[in-house]
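Chain IDs A, B, C and D follow the sequence of writing; residue 1 opens each chain.
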Amino acid sequence: MTSAAAEAPACTSDEMMTVTASRALRDGSACFVGIGLPSTAANLARRTHAPGLWMIYESGTLGATPSVLPLSIGDGELAETADTVVSVPEVFNYWLQPGRIDTGFLGAAQIDRYGNINTTVIGDYGAPKVRLPGAGGAPEIAANCREVVVIVRQSRRAFVESVDFTTSVGHGSGPGDRERLGLRGAGPTRVITDLGVLEPDPRTRELTLTSVHPGTTVQQVREATGWDLAVSADLRTTPAPDPHELAVLRSLTGRTPPTHDGRQGTR
Amino acid sequence: MTSAAAEAPACTSDEMMTVTASRALRDGSACFVGIGLPSTAANLARRTHAPGLWMIYESGTLGATPSVLPLSIGDGELAETADTVVSVPEVFNYWLQPGRIDTGFLGAAQIDRYGNINTTVIGDYGAPKVRLPGAGGAPEIAANCREVVVIVRQSRRAFVESVDFTTSVGHGSGPGDRERLGLRGAGPTRVITDLGVLEPDPRTRELTLTSVHPGTTVQQVREATGWDLAVSADLRTTPAPDPHELAVLRSLTGRTPPTHDGRQGTR
Amino acid sequence: MLVPLDEGVRELVRDGDTVALEGFTHLIPVEAGHEIIRQGIRDLTLVRMTPDVVYDRMIGAGCARKLVFSWGGNPGVGSLHRFRDAVAGGWPAPLEIEEHSHAGMANRYVAGASGLPFAVLRGYTGTDLVGRTPNVKAISCPFTGEELTAVPALNPDVAIVHAQRADRAGNVQMWGITGVQKEAVLASSRALVTVEEVVDELEPVPGQVLLPSRVVTAVSVVPGGARPSYTHGYYVRDNDAYQAWDAISRDRERFAEWLRTEIHGLPPAREGSAAKESA
Amino acid sequence: MLVPLDEGVRELVRDGDTVALEGFTHLIPVEAGHEIIRQGIRDLTLVRMTPDVVYDRMIGAGCARKLVFSWGGNPGVGSLHRFRDAVAGGWPAPLEIEEHSHAGMANRYVAGASGLPFAVLRGYTGTDLVGRTPNVKAISCPFTGEELTAVPALNPDVAIVHAQRADRAGNVQMWGITGVQKEAVLASSRALVTVEEVVDELEPVPGQVLLPSRVVTAVSVVPGGARPSYTHGYYVRDNDAYQAWDAISRDRERFAEWLRTEIHGLPPAREGSAAKESA
């Protein structure tokens, strides 16, 4: 058993990222799930260590237990397998806003050193280089979930010194900002990438590399980051996926039709 | 046919009041119905001249078509026969508040010359002579229905110079008051009693006797009123119930168990 | 999660709590109210849109310090005599009251369920309700300048509701007229639900409201727990009992006797011949 | 009440209107959107939480002057290319945008449905959305002083939604994921509903939302009217069509050809050999 990591089957960096994200979800907790990597990670968690994970999709399906990965936040199977389906205003007002959701999963087109997220626009708002889908549920997920986990592939394009547009507030410009803004959740507690895991420094709130995935070097992570990335004194190596996790993940993604490409962030 | 009134069967003053109230409801209109006389009048209307009357009870039953008079605003038959049952917040917020209801029916323990209504307390609020049930849905029915019809037995005890407590605003203290208060409905357009019909004077908003029931004198109505009651120059005699109306009313009340005594105002 | 009623009340309801036993004619948690009387819980702030016979009993038994409500009556019958006696006569204890309109109370629960400190509505304006509580204030629309009314959120310590059934995980299902119960449960710190029965699987029903187990603290199986009100699909309203309450509750002594025999299961105090028929 | 789709659109939707074709992945009124394109209606302010391919088509066809939204994408696929081209390239016409969060848009509809000028929520704070529209403002709780966010009501001229079925009186029934459609209909001055079928009696269904006929202006029977989205209980989502839209919409000419053949039923313009296969 001590050599489990060494024996772990080879996996892709996306698989590494998804399995790591799934492990961030506690059994019995409530999770606000977006389509794409968050949904894959949540469904993996529910089929491995967290069978009691309670998944909410913003379409109003509370406690959905889909047998395949949904292609959209409004797939029919989510409604069919949910404990109940409520209206969209109810999801946001009665479930998300009062802080009933433990974990919110978010994607990002850009993220800065304080975990602030852009999913709106690259470049100037009035004359955009790339117009992105926009906010969706993200601003209030980031504000009101007890904690937020961000899943995003790491690159200098995505990990920027300063986001072009703050769609969702992470830790603002540092300590005390969330409190000043009246945001009641803890904000991003983990950013899980294909290279490693970043967590806000408890003192400075700056995202700090706390774990690198097996086979990845700190230098590689720093090179994929658009700011001078801090590294934890207590840097760990992310435990590799175990064979069961990988088998379940591959079975899940294998059952998913090809139109689902897993790159849609919060939906 | 011209002698229909003369041939009308003898009826009680309560029957006269209920039939007159039922005639105030237009076919196809939406009516916010309270238990007691309003419910009796609305159900009578639906079985006579207004088969398309759409009845809302504040319990959330929209479009109920009960076969007997309900004993409470939350009877099971209301739910079973309704087009749909919605939550209580939805009744008030989505249906009453935006002005979707044509007619609100209200009862009163006291009513003053401007149609302001008390259903809260007789005497001093802190040391009441009679503690009444309170507001219920009445303040917002009075504010937000397109018009309000009040049904109340006429007496000096009920028709007072000034109400001990304004539970629901009628025409305030006269012309322009509803507009100043931001109340969007027209307020009480008719007060139907066991003696006659009072309507607000178009200029002064003061309740004015516009119709007396057959066999009732103006003097009788004035004696049952706690202020110097104005009488319309165009005073009419209320058309008596026709035999069909009376037969339907008696069949309705005959099917209603004796626990229903019809004196409960807005519920 | 599944506990006997006495245990559920003992664990969830404490002296001094703000408690909402909600129900809109249908599904009124009457038995839970009786258990609160039985346990002698005191100084409660009772909250409910439509306090009826169960609150009349709790007030008469001395459980309440304050009542927050919008319409207090015996539906289809008339007045609540114990409530009147407490307000006007201070018996068995003075009862503070805070009253609202239905629209106001409903929106106060909605704000509470939504994690907001207040709600906005078109209501109260021009009425004497405004001057009788600090909990109604004017608010201006920041876009149009129009003046509206604000009421603060209601967030009871405990909500108590009755429902048709629950599953073993504690998910609760109710249907028919469901009133403001969902909002009351979501607005409260704790929730006790009495149900007619527990089933393996909650077959969906048209018009159902489902309360996920994570917002329910305890479920107690209490068949008939809403009597004399009704449970849609299980039993009908006992209209005679509401009528009978009028006579029982008019008189302090007759009410005390009712409490003694019907709630506490003691032998009648006044009639020697009836003393053998203990409950 | 029951009218053909072309007549319903002609009577309810006018140049310059604010129109909300709502649907949350499920029950998207795609055919009604196509009919708007076909009738050449212009200068619309399009409102929707989740503009997807049908709005991409309407924008590309030049129907829209402005878009009010919270998430614009091709669900499960990626970007909306016609939307992007209108925003970044001004083609075929400049598109003004006003963007919100989902929570903000949902509450704007709720306020609109409730006859209130604004809604209050915990949202937007600290984001750059705030500076980009005058329609997000701070508001203080009059009881606690806490600062929250206000958004103005949305009250479109016309709401257009798709539902499973209606009865002959025009009562509409939908179930499955029902999103924000009830609020959109109640918030709007007029409402057009396309349905899969008309039935004599609307048998109640668990989870249903019923829109009483008095809030529905017109019903049109349009079987398959939500394709390529889905209608719960009738047909499933055509995921390939969403995928295919990505390629069609990337290119202005290919999109124009698609409009010509698929919406206007004209023969292909570019391929001589295909000209005989007119739609």
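The rule we apply is simple: contacts are C-beta pairs under 8 Å (C-beta built on N, C-alpha and C of every residue); 3 or more make two chains touch, one makes a residue touch a chain.
Being a predicted model, the structure only gives us computed values, none of them experimental.
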Going by the touch criterion stated earlier, list every chain that contacts subunit B and also contacts subunit D. C
Is the number of contacting C-beta pairs greater for B-C or for A-C? B-C
Quick check: how many Å separate the C-alpha centres of subunit C and subunit D? 42
Subunit A and subunit B: spacing of chain centres that average the CA atoms, whole Å: 58
On a C-alpha centroid basis, what's the spacing between subunit B and subunit C, in Å? 29
If you average the Cα atoms of subunit A and of subunit C to get two centres, how far apart are those centres in Å? 42
Contacts with 2+ other chains: residues of subunit C: 115-116, 121-122, 146, 148, 182-183, 207-208
Enumerate the residues of subunit B that touch no fewer than two other chains. 84, 93, 97, 144
Thinking of each chain as a vertex joined to the chains it touches, would you call that graph a line, ring, star, complete, or other? other
Every chain pair in contact, whichever chains are involved: A-C, A-D, B-C, B-D, C-D
Contacts from subunit C onto subunit D in the complex sit at residues 115-122, 135, 137-139, 141-144, 146, 148, 150, 152, 204-208
Which of the residues in subunit A end up touching subunit D in this complex? 35, 58-61, 71-76, 78-79, 84-85, 87-89, 92-93, 96-97, 120, 125, 127-128, 130-140, 143-144, 165-169, 172, 177, 181-184, 257, 259-261, 263-264, 266-267
Using the touch definition from the top, list the residues of subunit D that touch subunit B in their complex. 113-116, 171, 182-183, 186, 208, 210, 212, 214-215
Which subunit D residues qualify as touching subunit A in the complex? 24-26, 49-50, 69-73, 75-80, 83-84, 87-88, 99-103, 106-107, 109-110, 121-129, 132, 146-148, 176-180, 182-183, 207, 209, 230, 232, 236-237, 239-240, 242-243
Any idea which subunit A residues touch subunit C in the complex? 30, 54, 62-63, 83-84, 93-94, 97-100, 144
